[in-house]
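Okay, so subunit A shows up in both of these, paired with subunit B first and subunit C after.
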Partner chain A sequence: MTGDTLYHKKKRPLEALLLGAVYGAASVSVLLLCGVIGYVFAKGAGTLSWSFLTTVTSALKQTVGIAGNLVNTLYIIVLTLLAATPIGVGAAIYLNEYAKPGRLVRLIEFTTETLSGIPSVLFGLFGMVFFGEVLGLGYSLLSGAFTLTLMVLPLIVRNAQEALRTVPDSYRSGALGMGASRWHMIRTILLPSAIPGILTGIILAVGRIVGESAALLFTAGSARLLPRLGGGLLENVKKLGGKALESGGTLTIELYLQMQNGKYDVAFGAGCVLIVIVLCINLWMKLLAGRWKTR
Partner chain B sequence: MKAEKSILPGAGSLIGKKSGAAAERAAQIVFTACASFAILAVASITLYLVLSGTPAIFQVGLKEILFSTVWAPTAAQPRYGILYVILTSVVGTGLAILLGVPVGILTAVFLAEVADERVAAVVKPAVELLAGIPSVIYGLLGIYLLNPAMYRLERWLFRDSATHQFTGGANLLSAVIVLAIMILPTVINISETAIRAVPPSIKAASLALGGSRIQTIFKSILPAAKSGIVTAVVLGVGRAIGEAMAITLVSGSSVNAPLPFRSVRFLTTAIVSEMGYSSGTHRQMLFTIGLVLFVFIMVINLILTRVLKKGGQTP
Partner chain C sequence: MEKSKLLVKDLNLYYGANRALKDVEMEIRDKAVTALIGPSGCGKSTFLKCINRMNDLVENVRIRGQVLLDGENIYDRRVDTTLLRKKVGMVFQQPNPFPMSIYDNVAYGPRLHGVKAKQELDSIVEEALKGAAIFEEVKDRLKKPALGLSGGQQQRLCIARALAVRPEVLLMDEPTSALDPISTSKVEELMEALKKSYTVVVVTHNMQQAARVSDDTAFFLLGAVVEFGPTAALFSRPRDKRTEDYITGRFG
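Then we have the complex of A and B:
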C-alpha cells in the first residue's frame, strides 16, 4: 500500500535529470581535487629527495634544490606575521571593545573588506612602488613581507574579532566589576580567552602567504641563495637579519620560474612540497577548530 | 570548566596591580591607530596606483588607450591600445563564471540538501582544501596537462583551416577552464552557507504542500537563498578577474581579440608577463592597466556592498 500512493507513482523525468546534475557537479568538484593533488604528488614524488630539500640549485655544483626558497618562504612568513598580527589583533580589539557604532567604524570595516578584495597583482604593483621605490627597500624579503602584511590583515582582523565576540560579557563585567581597568581586562581576560580564534587567523594567513606569488614577484624578487653563515654568533645574527634586506624568491616564485623555463620536474617537486605544507595547515586548522568547539 | 581555568592566572595578577590612567589612554590610542591602519592602507594603495597609472594616460591619450586594439609597446612606433586586453578580461571572466557557477551552486545544493551527513563530511573539507591550493599549481597543471590536450583539439578542429594561427594550446579557452576551477571553492562555500541559512519553515512548507525534494530545492530554497548566491557569484567574478599567476602561461603570450582558440592577454597577465622587461612609457602603461583593473575591482566591491545591504546578511 505504501509504495502505491499517488505521490510515489508520479514520475518526473526533469527531476531525475536535475538530481543527476547535482550528483554530477559534486563528483566533478571532488574528482578535480583528488586529481589535482594526486597528479602533483605522482609527478613530483620522483623529484623529492633529501638533496632536493637541502641544496640550492647551482650549475657549478650541479645540484638542483629548493633549500634557499624554503628559507625565503620562512622569512616572509615570520616577517609578515610579526607585522600583521599586532596590527590585526589591535584593530579587532578597537572594533570590538572601544569603538562606538558610527562613521569611523563603518569606514574601517569598509576598507578592511576592500583590502580583502584587491587582487594580489595590484598589491604587487603597490608594494613595488611604495616599499620598493619610495621607501627604498628595493627587491627584498622585507618589502615582500610588508606587502603581504596588507594582504593578510583582513584575515587576522576578522578572525580575532570573531574570537573576541565569543568571549562572554560576564567575563568583561566580572573583571571590570572587580576594579580592573579596561586595558588590564583586555590583557588578562579577553586576549587569553580569544587566543584560539587569533591563532586561526594566523594559520589562515600562513596558508595565504605560502601560496602567494604575484604580489611577491614584484616585491621580493626571485633570488634563491641561502644565507651565508660563518664567524661568531653576533656576526651570524647580523647576517641572518641582513638577509631580510636581500632579494629572495619563495617556493611559489621558484615553481613559477621553473615552469616558465619548462623545467617541469623541478616545478612539480616544488608543487609537491607546497601541497604538503597546505595539507598540514589544513589539518592543524581542523584540530584547532575541533578543540575550540569542545571548550 | 576549562575556560574558567584560563582566567585564574589573570585574575590573580589583578590583585595589587594598579594601572595608571596614562596607560589606559595609551592603550586606546594604540588600538585606534591599529584599526585606522586599514584606512591608511587602502588610501595609499589608491593614491599610488592612481599616481603611477595616470602619467601614461597623459602621454598616450585616453582615447588611444581604451579604444585602440593595437598593442605594440616595443615597436619602433609604439602603440598602446588595450581594448583587447580589457575585453579579454571581461569575456574570460564571464565564460569562467558561466562554466564554474552552475557546477558550484549544484555542488552547494548537494552538500546542504542532498548528501547525507557522512558524505558531506568528506566532500566539504575537500572543497576547503581546493581553496587553499596555491594558484601557481593550477597554472602548472594547466600548462602541463590542459595545454597539450587543447592543442590536440585545436589541431583537429582547424585541420582544414589555412588561416588559423596555432597557439600550442595556450589560448583563451584553457585560461577560462583554469579560472572556472579556481572560482569553484568560493562559489561552493558561500552558496552552501546561504542555502543552510534558509529558514527550515520554508522547506517544511514546500514539502507539506506536496512538493517533491527537487521542487523544494529549486523552487523554494534556492530563491530564498538568492542574495547569498548572488554574493557568491560576485565574489567569484572578483577572484577570476584578479587572478594572474595561474593563467599567465596558460593563456598564451600575445594580445588578440578574445576568441576561444586565440592566444590572449588578460589585464593581470599583461602586467605579470611584461613587467620584467618593460621600461619608460611601456612600464607606465602597465601601471595604467593596473589602474583599469583597480577600477573594475572597486566597481565589483560596490556591487557587493549593495547586494549585502539589500540581503541584510554578511557572507
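Then we have the complex of A and C:
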C-alpha cells in the first residue's frame, strides 16, 4: 500500500474513550435523578393512601395525614406568585422598556443578582423580623409568602427580561409607528410574545417555593390545620382568606419535621406528593407556554 | 396634485453633537410619490422618520426647524403623536408583521384608535387588504398567523396594516430592499395605485425604482438635499454635478 490511498481509516482510541466518558456522565446524572425519585417512591408508596392525602395528623383522632400541608403549600404558591409575578414582570418591563441604560439599571440588575445568591435562611430571618414583627403578621402564610416573594423575584425578573429582550425591535417600531402608546404596545405586542419566557420564570419560582424550608419555618410556621369551612358562601370565602393570616407548614416543612422525629415513612410519603406536585405544575406550565406559542 | 401636503422648513437634526440633517427644505406634493435617494448614511431614512416623529424614540436626538402637515407644525408641543402617526403611516424596510393572525395585524391600528364593532372592523380589514393588493391571496386564511406568509406578502400585509388606519401620508423606508424582484414589482405597482388616495414618500436605494414610481425626487448627500425636483427632470437633466455622478453610478 502506498501513501496515495484514502483507505487508511485510523482508529482513534482517545476519541472513543472521551465519547464513552461523556455518555457515561450523561447516563450517571440521569440515573442518579431517576434513582432518587425511584427510591423516594419505593419508600413512600406504602404510606400513600386516600386517608394520608385527605386527613390531618392528629394524636387525638389517631390519624396520619398531610391534607393541611397540601393546602398550605397551595396557599404559599398562589400567594407568592400573586405578589411576585406582577412585581417581577413590572420590574422587567421598566428595566427593558422604560429605563435609560445606565447606572441605575445596572444597580438594579446587580441587586437582583445578589438577591438570588443570598442563602434562604437569611430571608427567613429577615421575614420573621420584618413581616412577622414589624408588620405584625406573626407566623402566617402571608408572612411566608412575602418572604418567598423576595426570594423568587430575581428569577421572575431575569426570565421576563430575557423574554422581552428577544422580542424583535421591529415589532416595537411597527406598533409605535401606528400611533400606539408605549404601554399599549407593551400590552398588545410585547407581553403576549414574552409569555413563554415569563412562564419559565414562574416554573422555576414554583420549584423554589415548593422546595423551601428554612425561609418558611420561622415565617409561615408549621401548623397542619385545614381551613375550617362551613356556613354560607361569603363566610367560606372569608374563612379561606383568613387562613392566609394563620400559621401553616408546607409539605417540605412537614417532611423536615417528620424526618426530625424519625418518622421516615411519613417523610417519604410527603416527598412523593411533593415530586408529583412539582411535576404536575411543570407540565401544566409547559402546556400553557406551548399553547401560547402556537397561537 | 399640485397642492402641497408637507412643507419642510429649515430642518436640522443632531445625534448628540453630530449634525445628521442640514437645513433641509422640501415641499412634498399631495397625492404624489416623492422618492428620497442617496448613498447609505446620507440622512434620507432619518429625514423620513422626522415626518412622523419616529426619531422621538431615539436617544440624544435634537430637532430644529419645522415640518408642516397641512400647515400645522408637527413639532409643535401641542401635537399628539398618536394622532400624527394615524395621519402619517409608516412601512419599514424589513416586513414586520406582528406575531398574530393576518386579520389581527390589519385590525391592530383600527382597534388602537377605538374601532370595536366587529362588522366595521371586518370591512376596514377587507378594504385595507384590497388596497394593498393582497386580499385575494389571503382571504381564505385571515385567521392564520401572519408570520406564515412569504416575505413579499408580509410586506404587502404591513402596507395593508398601515392603510387600515386611513392615513393621509404613507412613509416607506426602502420597502422592497428585502424582497425578490417579483414581489418588488408588485409593491411598485401598488405605489402607483396608492398615490391616487395617499401622499407617498419612499426611501429607495434603487435608482430605477425612483425613476419608475416617483413624481418628485430628492437627492440627499451628507445630510443635505443636493437637488430636489420633478423626477423626470432630475434624472434626465440633473443640475448638480454630484447628482449626475450619483445617478449615473459614478459613486455611492
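Convention: the second predicted complex is superposed on the first by the 247 of 295 C-alpha atoms of A that agree within 3 Å, B and C clash if a C-alpha of one lies under 4 Å from a C-alpha of the other, contacts with A are read in each partner's own complex, and residues count from 1 in each chain.
By our rule, a residue touches a chain if its C-beta (ideal position, glycine included) is under 8 Å from a C-beta of that chain, and two chains touch if they have at least 3 such contacts.
Computed from a prediction, not measured in an experiment: that's the story for all the values here.
Trainee: A:Y94 in the overlay: touching subunit B, subunit C, both, or neither? Say first, second, both or neither.
Mentor: first
Trainee: Just checking: does A:L176 make contact with subunit B only, subunit C only, both, or neither of them? Give me first, second, both or neither.
Mentor: In the superposed model, A:L176 contacts subunit C only, not subunit B.
Trainee: Is it subunit B or subunit C that touches the larger share of residues in subunit A?
Mentor: B
Trainee: Is A:T54 in contact with subunit B, with subunit C, with both, or with neither (first, second, both, neither)?
Mentor: Touch status of A:T54: no partner.
Trainee: When the two structures are overlaid on chain A, which partner does A:T188 contact: first (subunit B), second (subunit C), both, or neither?
Mentor: Both subunit B and subunit C are touched by A:T188.
Trainee: In the superposed view, which residues of subunit A touch subunit B and also subunit C?
Mentor: In the superposed arrangement, which is not itself an observed complex, subunit A uses residues 171, 175, 178-181, 184, 188-189, 192-193, 295 for both subunit B and subunit C.
Trainee: Hey, which residues of subunit C end up touching subunit A in the complex?
Mentor: These residues of subunit C touch subunit A: 52, 54, 57, 59, 81-86, 89-90, 92, 94, 96-100, 108-109, 112-113, 145, 158, 161-162, 165.
Trainee: With touch defined as at the start, can you tell me which subunit B residues reach subunit A in the complex?
Mentor: It comes out as residues 2-3, 6-7, 9-11, 13-14, 17, 19, 23-24, 27-28, 30-39, 41-45, 48-49, 52, 102-107, 109-111, 114-115, 123, 125-130, 132-141, 143-145, 181, 184, 188, 210, 212, 214-215, 218, 238, 241-245, 249, 268, 271-272, 275, 287, 290, 293-294, 297-298, 300-301, 304-305.
Trainee: So in the complex, the part of subunit A that touches subunit B is made up of which residues?
Mentor: Checking each residue of subunit A against subunit B gives 7, 12, 15, 18-19, 21-26, 28-30, 32-34, 36-37, 39-40, 43, 86-91, 93-95, 97-99, 107-108, 110-115, 117-123, 125-126, 129-130, 134, 150, 153-154, 157, 171, 175, 178-184, 186-189, 192-193, 207, 210-214, 217-218, 252, 255-256, 259-260, 264, 267-268, 271, 274-275, 278-279, 281-282, 286, 295.
Trainee: Using the touch rule from the top, collect the residues of subunit A that touch subunit C in their complex.
Mentor: 100, 168, 170-171, 173-181, 184, 188-189, 192-193, 295
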